[in-house]
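Next come two complexes, and both contain subunit A; in the first it sits with subunit B, in the second with subunit C.
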Partner chain A sequence: MIDENNEIILGVQGLTHHFPGIVALKNVNFDLHKGEIHALVGENGAGKSTMINIIAGVLQPSSGRLIINGSPTTFQNPSDAQQAGISVIFQEFNLVPQLSVAENIFINREPTRFGMIDWKKMNEKASEVLKRLKIDIDPRLTVSSLSIAQQQLTEIARGLAFNAQVIVMDEPTAALSEREIDQLLSIVKSLANEGVSVIYVSHKLEEVFKVADRITVLRDGVRIITKNASEVSEDDVIFAMVGRALIHGRCPERKLGPVVLSVKNLNVDNFIKDFSMDLHQGEVLGLGGLMGSGANRVIEALFGLRDSYVDELTLDGSALAINNPRDAIHSRIGYVPNDRKKDGLLPDLSVKHNISIGIIERLKKVFWIVAENEQEITETYVNKLNVRCTSINQRILNLSGGNQQKVILARSLAEECNVLLLSEPTRGVDVGAKAEIYSLIDSLVDSGMAVILQSSELNEFIRLANRVMIFSSGQVKGELTGDQITEESMMALATRV
Partner chain B sequence: MKKFLVEFWKSYSIVIVVIVIGLVLGLLAPRFLTKDNLINVMTNASLVAIVGLGMTLAIASGNFDLSVGATASFAGCISFSLVPILGVPLSIIAGVIVGAVVGLINGLIISELRVPAFIATLSMMTIVRGFTLIFTNGRDLYLFGQTEYKILSGQLILGISTPIFFAIGIALLFGFVKKYTRFGRHILAMGGNLSAASRSGVRTSFVLWGIFSIVGATAALTGMIISSQVLTANARLATGLELSAIAVVILGGTALSGGQATVIGTLLGALLISMINNGLNLLNVPIFYQELTVGALMLGALAVKMQKGFKISSLLRSRS
Partner chain C sequence: MTVAEKQIKKFSVKLGWDLLWERYGIATVVLIAWVIAFFFVPNFRNPDNMLNVIRQSAFVGCAAVGMTIAIISGTFDLSVGSTLALSAYLGLMVVSTTESVLLAILVTVLVAMLIGLINGLLITKVGISAFITTLGMSFIVRGLSYIISKGGEPVRYNAKAFIWWGNGSFLRIPIPFIIFIICALAGWFILKKTPFGRYVFSIGTNEKAAKVAGVPVQRTIIFIFIIVGLFTGISAFLIGSRLYSAGPGLEPGFELSVIAAVVLGGTRLAGGRGSILGTIAACLLYATMGNILNLLHADAFVQRVAVGMILLLALSIEGIRQRIFEHSSRRITTLEIEPNSNEYQGGQA
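And now, the complex of A and B:
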């Protein structure tokens, strides 16, 4: 636990930063004690990334100053910050995948002997650092052969090898499994015990409360609160983040209609064997399980993205075949992929063009696209989903994660789908947008949509699904409905071999 | 109008460069700014611009085509040899079709055999060149007395040559395709994110076939124009055309990474290169030094462009 009188290692005073047209940070104060884990939370666009980038020396603030170990400092570039003992681990790693772990840890500072790289010494020193972190990775392995979690740990090791006093972690658990998260959190804690200070940026409040000593909440570039973690509740923090209370809890009563989509004995990749289900109108069916359990493959197969074999597939009672995404879209099956950036966004195009890409056929007259039709339809969905953008012609990359996700959802809705396949619909989305997406799904289902939901967040099933099928190694281990859907019951099924 | 201005603004930097270089050359060599010389400059620009416009679509889709030079010379030779049988107009059309077919084969190799565009079109480049050598037996083909064929490179109205009309016409067409058609939208979507495009129902193979057929057709047209200038076709014609075509596209402001395209930029890129070559000629700069100058200019232009791109992307990252 931190002591109030403990020395302040990093201070931020009156930090303000303007981007053309927006104020990203307004007069923000922040301090970090030695050995403290200080969580920085806020919705996307709240200013967290700007603040990290200033601390990392990537950006220079419009006004305000940084104080390192009591003396005011300015960073002209990232290497200044590194010299000052600040190591930032961005969401996108700065590792060279083709090089070994040791090479990455000592990149640019390779120990040399007679002007040549001293491999033996480098590997030994890398081992030392890894051992200090209690990480079991051979430093001679190439980074590309490591799991995401191990790559993350390699980044941390690199920071430590720089003798970092301050480590800044930006959404470090976004791509990790539950077990890897626990491992990471315990490493973070032991670093703090050794006197390293950590700024921990995350959307996931559960983790924040597990690990943080203090919590600072930013909203719209302004610091809302800084409190000891023990003195606030999760709801307090959410309230500070979004400026209003969120409704937690169970999914509302779902009114089920007739069977829409029926699957008999679906086989995928020799992994999923004989999966069957009936999906009703107005239903949200959850497909759950630990990473690699197969739930996601079922969704991808139903959208025509995987080789699969099925005895019988019917939509509204008539048989259909889905060999590629185009077939699925024509059968009015929509899909929101779990990796928005890799499989969803059309990065160079506008919000409008991102929504209309699947329905251009309908917007055409002879062979050209009628601009008014396109404008009208996309505006309808932008309003319906409350996508926050300056105009529908804004480039999608300039939107926050939550709004990008809403655009991807709008794309499927514009295709007028009756069945919606959602894979991690709220990954990398802030709390406010999450609540909006949940209530959107509620209203879609109310008006007769059928939804298949795959998620790694158990709370999402509790909030949205009236029925859940839990997978483990490619097989359904059990089905839960209504009040049976609890974290405990789902975990019990998911871990059954 | 507003959209036009936005598009214009994107190509703004190169417009300034074109004007400045034009004025400087005009001052240094008074003959540069005469009507005849300017038409000459634009005609030469059009040759690369026509195939460059096709290349713009390929690059926008995240691909490129290294076989255009070979296709150009192949189409020129085929078209020439068909003139005695089909007459001039039909042989020109046949040449375009031959180019489109070569392009379609490129597209098929990429989409069906899953060979990357680089390797597929590099192989096609040598295959088509080899084919042309076999077909012509390594000799030049002449069109004696068929001055009708000259229509492709001759002056049309008001002393303006046919290639200029072709370049402008194709640019207008492709500008329209890019902005107002499904095909154009699909090209940009594919270039930006192939996986997302196919998940949105874009038939990526069809689009690829279309793109490469068009590139092949534009290459063929360029090849036949070059052949018609001297009424000679052979297998060594248009060597290096692939690199000039890619160069004018990139110089014009279309990103090699795909996802966006500027048709006007490509025209201006071609104009810029042609202006400089012409100006250096008028200034009696030896041909070897011209090569050097054009290369250095390209490098400089791209270096400046990268700086700008860097700043914009770092701004975007920190805002999210």
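And now, the complex of A and C:
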């Protein structure tokens, strides 16, 4: 807990920032004490990124000032901010994958000897920094050989090597598994204990409450509250973020129908062995587990994205073979991929074309597309899912993450699928859109759809699934239903070897 | 919220301008070039000369229609020059021995489509990259045409029914240009109105996501190369007819002229974006520049330098334009998120 008398290391006063015609930040005040972890939360577009970019020297504010160690400062560029001891770890890594950990940590400031890089000194110094963070990575490894979590830690090490007084972390856990998140959070805490101040930006309130001393909520560029973490509840923060209470909690009663999809002895990549399950109409079956546990491979195999061998696969009682996504879609199985950018978006195409791509052959007469039908169907789904776009002809790339995700969902719905495979359906989506996606899934399931859900957020299972199968190293370690589905029980199974 | 919406409108107008430039920019350049030439280049305004310009645009143009489809899908075909030579040569052999123009058309086009099919199969089923496959194919096909011609002697044939296709006119409009426009309309229809065309754009913008969305990627790519063959075959027939002859060394560097025209027409080499209209305009621009230089008595080598310079100039303008636009589009992206959350708030309040 922070001491009121503790010195303010970074202050922001009356910060306002205009993008052409739009006020991204309105008169925001913010302060950061020495050794404090101050969480900055808000929906997408609330102004968090603008504020980070100003603190990092990437943007210059329209008005207002930054105060570093008591004196007003302006940053002309990011290296000014670095000089002032501010290190920002952005969502997208700035690491060079082909270089070693040590080279990345000391990039542009390599210790030299006679004009050449002093490798020995550099590796030693890098080890020192890594040791300080209690990270067990050999500094000579190339970054591309590291896991995402290790890369994240390397970024942090780079920040520390600058002797940063302030570290800003933008959604640092977006790509991490539960266990890695815990490791990261404990590192953040120990940094704070050493006197480093941290601005922690995240969507995930659970983590925020685990680490933060104070929480500031932004909404529409305005600071709504700044409170000690111990004085507010998660619901208070959500209320401040979205301006209303979010229906949280357990999944509603699911009315199960007959078995829709039945899998007997599915084998994938020599990793998943003899996986079997029956999926009922109106059911949401969660496939959980830590990253790399295999849950995702099952979904990809069922959609024909991975080579697999199965003894028996039946859909509505009749045998089925799925060798590629096309087969799956023809059998009315839909899929929402976890990596939206890589596997989902058709970035240059419009919202309309992104929705209709899976059904375009059903929309044709002789051999051309009937434009009116396409228009009508896509408009139906855009309205049904409440996709916010200026028109259905807008490029999908210009939509926010949540709306892009809704378009990808709309694509599967337009295919009129009976079974929906959802992989991380709310990754990179703001709280509001998340709530909408949850209630959409509820209503789909109500009307008889069967859903297989894979997620790294345990809350998502609690909220949506009536049954959960937990994987660990390719095997189902247990099955939970109804009230048995709790974070504790799921973690217990997921960590069982 | 109203302020935000106004802003969005303002920026959508900007976006609109950008799209307008992407779609019609090169067409505008052609018009400007024509207006300038009309007034300042001696003899350019002579109707016969202007008809000749549009006739010339057709020979690269037909093949460029097929290449536009290939490049939008993110691939390209380096073998069209050799394909042109072989199929034109075989077509002339057929017409000079059988005297059947119809049979010559069929042979020319089918040979080119067959080469396209082989390209497509090698790329999808064997998994060699399009660059290597079509480069290798261009050597093989060019070599074959020399072997078949036993050393490079061109075949000649000048019956009227045959040479009419390359040299004739209908209501004064050159036949090759009419065929070019028909090809372009067909290409436009394929790209914009058929599921296949939608697949072409999808593969070009994100092949993996297209596959996940159920696009038959391999089948589409094979068809793309067959279509490239089809349009190349049409060009081959027209050139053979225009020249009354065809030899194995026909039109060296043809494939690069075709790709240059497509890229100059605003089709993105990385795929996902492009238009037939741009390709038509670029072909007309090339033909116009060639014609102007001829009228000014510049020799053929100067013309080559000029073509290269036009391409570089056009693409550097394009590069600068995109850099400027990316900057403002990044702003638009942020702008559009902001009012969205405003709307959201509005709904709650």
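Quick notes
One rule holds in what follows: the second predicted complex is superposed on the first by the 484 of 497 C-alpha atoms of A that agree within 3 Å, B and C clash if a C-alpha of one lies under 4 Å from a C-alpha of the other, contacts with A are read in each partner's own complex, and residues count from 1 in each chain.
Basically, contacts are C-beta pairs under 8 Å (C-beta built on N, C-alpha and C of every residue); 3 or more make two chains touch, one makes a residue touch a chain.
Everything numeric in this text was worked out from a predicted model, so none of it was measured.
With the two structures aligned on subunit A, subunit B clashes with subunit C. Between subunit B and subunit C, C touches the greater number of residues of subunit A. Once the two complexes are overlaid on the shared chain, A:317 sits clear of subunit B and of subunit C alike.
Of the two partner chains placed by the overlay, only subunit B lies in contact with A:53; subunit C stays clear of it. When the two structures are aligned on the shared chain, A:343 is found in touch with subunit B and with subunit C.
In the superposition on chain A, A:115 contacts neither subunit B nor subunit C. Legend: residue contacts after superposition of the two complexes on their common chain; A:335 is shown touching both subunit B and subunit C.
Once both structures are placed on chain A, subunit A residues 19, 22, 24, 44-45, 303, 305, 324-326, 329-330, 335, 337, 342-349, 353, 356-358, 360-361, 364, 367-369, 397-398, 400, 411, 415 are touched by subunit B and, in the other complex, by subunit C.
Listed in rising order, the residues of subunit C touching subunit A in the complex are 3-4, 6-8, 10-12, 189, 193-195, 198-199, 201-202, 204-206, 208-216, 272-273, 329, 331-345, 348-349. Within the complex formed with subunit B, the residues of subunit A that make contact are 19, 22, 24, 44-45, 49-50, 53, 58-59, 303, 305, 324-326, 329-330, 335, 337, 342-349, 353, 356-358, 360-361, 364, 367-369, 371, 397-398, 400-401, 411, 415.
Those residues of subunit A lying in contact with subunit C across their complex are 19-22, 24, 43-46, 219-221, 242-244, 303, 305, 324-326, 328-330, 335, 337, 342-349, 353, 356-358, 360-361, 363-364, 367-369, 388, 390, 397-400, 403, 411, 415, 430, 432. Taken in their complex, subunit B has these residues touching subunit A: 176, 180-182, 185-186, 188-189, 191-193, 195-203, 259-260, 314-320.
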